[in-house]
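In order of appearance the chains are A, B, C and D, and numbering begins at 1 in each one.
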Amino acid sequence: MKKIVISTGGGDAPGLNAVIFAVVQASHNRGWEVYGSRSGYLGLLDHDELIRLTPDMVADITSMGGTIIGSTNKGDPFAMPIENLAGQVEIHDVSDRVMKTFDRMGFSCHIAVGGDGSLEIAHRFATEKGMPVIGVPKTIDNDLLATQLTFGFDTAVSTATEALDKLHSTAKSHDRVMVVEVMGRDSGWIAMNSGISGGADVILIPEIPFDIRKVCDKINENELYDKNYAIVVVAEGATAVDHDVIHKGEGETGRAEVVLGGVGEWVAKEINRCTGKDTRSLVLGHLQRGGSPTTFDRLLALRFGATAVRLAEAEQFDHMVALAGDEMVAVPLADAVEKRKKVPIGGDRVRTATEIGISLGADIVI
Amino acid sequence: MKKIVISTGGGDAPGLNAVIFAVVQASHNRGWEVYGSRSGYLGLLDHDELIRLTPDMVADITSMGGTIIGSTNKGDPFAMPIENLAGQVEIHDVSDRVMKTFDRMGFSCHIAVGGDGSLEIAHRFATEKGMPVIGVPKTIDNDLLATQLTFGFDTAVSTATEALDKLHSTAKSHDRVMVVEVMGRDSGWIAMNSGISGGADVILIPEIPFDIRKVCDKINENELYDKNYAIVVVAEGATAVDHDVIHKGEGETGRAEVVLGGVGEWVAKEINRCTGKDTRSLVLGHLQRGGSPTTFDRLLALRFGATAVRLAEAEQFDHMVALAGDEMVAVPLADAVEKRKKVPIGGDRVRTATEIGISLGADIVI
Amino acid sequence: MKKIVISTGGGDAPGLNAVIFAVVQASHNRGWEVYGSRSGYLGLLDHDELIRLTPDMVADITSMGGTIIGSTNKGDPFAMPIENLAGQVEIHDVSDRVMKTFDRMGFSCHIAVGGDGSLEIAHRFATEKGMPVIGVPKTIDNDLLATQLTFGFDTAVSTATEALDKLHSTAKSHDRVMVVEVMGRDSGWIAMNSGISGGADVILIPEIPFDIRKVCDKINENELYDKNYAIVVVAEGATAVDHDVIHKGEGETGRAEVVLGGVGEWVAKEINRCTGKDTRSLVLGHLQRGGSPTTFDRLLALRFGATAVRLAEAEQFDHMVALAGDEMVAVPLADAVEKRKKVPIGGDRVRTATEIGISLGADIVI
Amino acid sequence: MKKIVISTGGGDAPGLNAVIFAVVQASHNRGWEVYGSRSGYLGLLDHDELIRLTPDMVADITSMGGTIIGSTNKGDPFAMPIENLAGQVEIHDVSDRVMKTFDRMGFSCHIAVGGDGSLEIAHRFATEKGMPVIGVPKTIDNDLLATQLTFGFDTAVSTATEALDKLHSTAKSHDRVMVVEVMGRDSGWIAMNSGISGGADVILIPEIPFDIRKVCDKINENELYDKNYAIVVVAEGATAVDHDVIHKGEGETGRAEVVLGGVGEWVAKEINRCTGKDTRSLVLGHLQRGGSPTTFDRLLALRFGATAVRLAEAEQFDHMVALAGDEMVAVPLADAVEKRKKVPIGGDRVRTATEIGISLGADIVI
């Protein structure tokens, strides 16, 4: 009989509970036991924080957001911040304590569900400590190169698109410009997918530094078609090229303002300044990480979970489950954590956006 | 044959198009014609901005957000800001020009859909200029005393509650406090209804000045029940009593920060300071004004529209349609615009909230 | 210290769990204990089927459909069907056994959440056996006269309206008539509210026997406005007047077919026969009873639950909580179970429907 | 300047309007004109049924279900049913008339959006009549081998999964078996995806003939886990192996009943007979074809539309746009219409389903 331990690390993503459900069910089906490690590696540091997960306990969790075993962003056992008696935080390597719990509990596999940070830690445990690890990729931003898609992304894009739909009618009725800041520090996937689907006029992404004058040009151009409003989607990591140039004539600097608010707020102010239009900005923030996963994400997460157990059975450790086309595949964890996926500037999304009349705040030549 | 003109004024509210649909259909049914006045009174100032509304044109608009005839917040014909040749804005009384268009077009009734501002203007036209006016109340905040409910409010509350649902799972998985700022400058209806329905731990409303220490106490208390997270709903008009007192000991002032962000952001920072918990804030803003109306709001808006036409037929002018229990009634516009509806501190919502364990940031004695 | 027992009886209604949540929380707040009786009166017959309900257990149930303590349609303790050793079902009065459990457990109040059947049983317990009972009304059909609205109804209407929205686009694109059968055996509330909100062309309700020829006339009339499709909403209890007359000329009877399918299917066939149009029918059935309650229903259910505990505290037994305007009131159970609420033919819904061009399958004179 | 004509044929699928939007915008961007042919080939038969599509006309259609240019299932110009003067229907080849309109209008490309039927006709026009055709695949059932996915499918699966979610709570509260019949005459994609995502206990698909006894076994087995309810998803094309065997002992035949209702109803009756459980069935039908497309389907449809215009520019006719991984590709129409895609019995969906405890009504050996 095998005993598996599962952990969920990093930021929240709709579908985590579906992965847990599938891991528990597919293990139960093979006569194996599953334990959940609370808050990332906490359960592997302290066996009081391990929870026996039975089919009964996970029966209704597939459609729930969040993770029933908790998660955290600050839990690298190779460099764990621990408060000493004097109340000071010291960094300790507690990886051996993790291995001790792992061995004492008789676990035969650790299924680590997490983003690039968590997967890198999992890879270190596999290579440096010999832990039998299987990874399951989780990133709301869809920026892992090793898998075509991950769960949570479709839900985040849907939430953002619904928000655009809601703002559309108000923008139109009141001749307004609405600027929506969505997630995406290093890549513009959420911005591109939601912006194209949600009928945005402008989409600004980290991969394409934008010229605020081109953004304003597009909004002014709308008037030619009797369209007195606009929707602007901005990824949080989007940056302006040379944007202070605009203000130089007025003896101001734009940069200073960016510090106070986010990029969305800055863009909104600039648009108001250039076009004179009533402009409002909104930050979607954590709304994109929460809620019940879409059907698409549920299915993907369930398939990932079942496949992870298959890999555990085949003892194909130090690998991560991934989606390739419509197939489930295993990729080495080493590859998984190394490369990030950017929105390709010559790719189909950028072409489609440009062709259907969306400005990306820059001249795109494809 | 009668000719009716309809206008929609003030901020956006889901259900405006449903009112327009019902007015057009119920008029068509009587053999009457309907015109829409673009952007509030614009169409009544300039007949080029009047649109003939046929059943065909409104066929599919009931479920759409916004208003097909546009709206505006700056359109009081008794004090209209008009730019002169020198580019300066002067205030003019153009109410007589409105009456001239009204008469020349042969309109027999003006159905004015709007908030307290628009309804007050409508009432002036009725009393000072003799315009045959029927009002239809529109306020997302549900703060008109003369009607039990208005359309748009249920949609706004639903949007806010859905947001709370989404944030719930993340808050729980990551042991976080999520602070959500919702609409409500003078009254806490959206905050109360969404907070109770969405499982908030704390609800802060304009009617009850809050003590930030009590808010923090509630969040710390959660720990006793092994609940390491919390959801806090703050109406944009909520104010703290004496909140700088807290910081005085630390030689700081809380006031200054409030200026930079909204009250939600301030509350989030204070909670983080008091409890040490990871705290995030979010402003829902215009999301609450947009989108397809809920079924409840569609029905209410359609009934309002049909009733307005009935009042037009009965020539019961200078009145507003209203909901009383499940009945449609007519109330004098004079009454409608005068009194605002607050969340009653001794009322059932406050009692229910308190009884099911929600803190209102103050000691409530009922 | 008080001990309360709560039961949920009859068909499913979204909001039952919200009532349970509020009862548990409002009792916990007063230092009282709450037990749930499984499957209606089962827990009061056999104390093994009683569950101690703690705040922890109900923490996340408000937004869930169904009832965590189960429900049933066949559980009248005054006439309980019980299988004897020979496998035959005999009817027994087990009401005294219910009272024995009630007393032995030291319960001071029974909060009975249920439809007219369950409330009548509760009333008998109150009057015949002296049980301290508080009722909470539950009927998806909205047909209790004693309360303006009950929870579950808004969700059912929303589900039906969403279905109409979905069918609308297909009907329009393919020039089809779509007939949708919704709940409502004795009253047409769901049909009226969803039909008006969802843009139906025809609404057929039990209160107004319909003439199928008038239905067909309306659909043919649509062609005059270049509208080649139609949406027909039929309450399951709607009946045709004299509808076999139509077929007499053809030597057929329509009645026979009604037996095989539901009224929706029959209406669809007749429309196809009269108009030659491609016609499809759909029965929404249990979809209307399930799912997460709308925000409106959550709030109403939570208020009902908190108010029931207030009545328990005031020892105002043999009463039911009810909504009057926006207020919570108590009405004697005797009144509650006696009278049903029909859609008033001279009322505002019927007028609105008629005025905005919806046929009710009969000539309405108001 | 190019002139493009677009047609939409066959059954409804959410996303058709998004394709139209992208085709119009991407053409407008190149300075081309677009015409819509009403109801499939009707506009190409009679130029009165051609509509000039401008950016203004399609501005808000992306999120709408249906198709603004109409569709039909009976419109093969090579074999068109036409009523003669005597009222009899005769089959005529009117393909030359189509070509005449096409040439006279000066069209340089026909973008045909449709299922395998419509694409086959398009292919005939390309090869037999020399029409410059580009295909865009549309099938709610996801059964075209030449493309990994088509728009409409994700929406249909989401609708079915939402229905399962709604039925889940009722099934659980009332110890019931709910049988849901979903679309899929030849393939079980909708059933598999929605069943796995929606927590079904049993999924029956055309690819795997089911043994009703195994279905009942699974439902009885649930009792071992204290689960007294079940959700059964049945594709409309699922068939039982040898199911009359069960009834032979009772001297009945099951086949006869299948004739009267659908397979879902038959399965429900059999389950009730075998297990004694309260069992209900529901046919989702056209709900799956309607409504606003999911974000996923909107994006896919928009990309398809933009890519079709790119193919038109490159004059790569007699090809169809398709999705391969995350890429847009062109495949010869000849290949597209030939092969259907079945749920592979040895594939990952079947494995995942089996591993997480779902019965497929047969013994699966992988």
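Basically, a contact is a pair of C-beta atoms (placed from the backbone, for glycine too) under 8 Å apart; a residue touches a chain by one contact, two chains touch by 3 or more.
Here the structure is a predicted model, which is why all the values come from computation and not from measurement.
Peer 1: Could you find the chain whose CA centre sits the greatest distance from that of subunit B?
Peer 2: So the farthest one, by centre of C-alpha atoms, is D.
Peer 1: Let me have the rounded angstrom distance from the C-alpha centre of subunit C over to the C-alpha centre of subunit D, please.
Peer 2: Comparing mean C-alpha positions, subunit D is 34 Å from subunit C.
Peer 1: Mind checking the centre-to-centre distance between subunit A and subunit C? Centres are C-alpha means, answer in whole Å.
Peer 2: 42
Peer 1: Quick one: which residues in subunit C touch 2 or more of the other chains?
Peer 2: In subunit C, residues 162, 165, 168 touch at least two other chains, as defined above.
Peer 1: Could you please write down every pair of chains that are in touch?
Peer 2: Touching chain pairs, listed by label, come out as A-B, A-D, B-C, C-D.
Peer 1: Can you list the residues on subunit B that touch subunit A in the complex?
Peer 2: On the subunit B side, the touching residues are 8, 11-12, 14, 16, 64-67, 70-73, 159, 162-163, 165-170, 172-175, 178, 260, 280, 282-283, 285-287, 289-291.
Peer 1: Quick one: in the complex, what on subunit C touches subunit B?
Peer 2: My answer: residues 21-22, 25-26, 28-29, 55-56, 59-60, 62-63, 148-149, 154, 157-158, 161-162, 165, 168, 193-194, 196-199, 225-227, 294-296, 298-299, 302-303, 305-307, 309-310, 324-328, 348-349, 351-352, 355-357.
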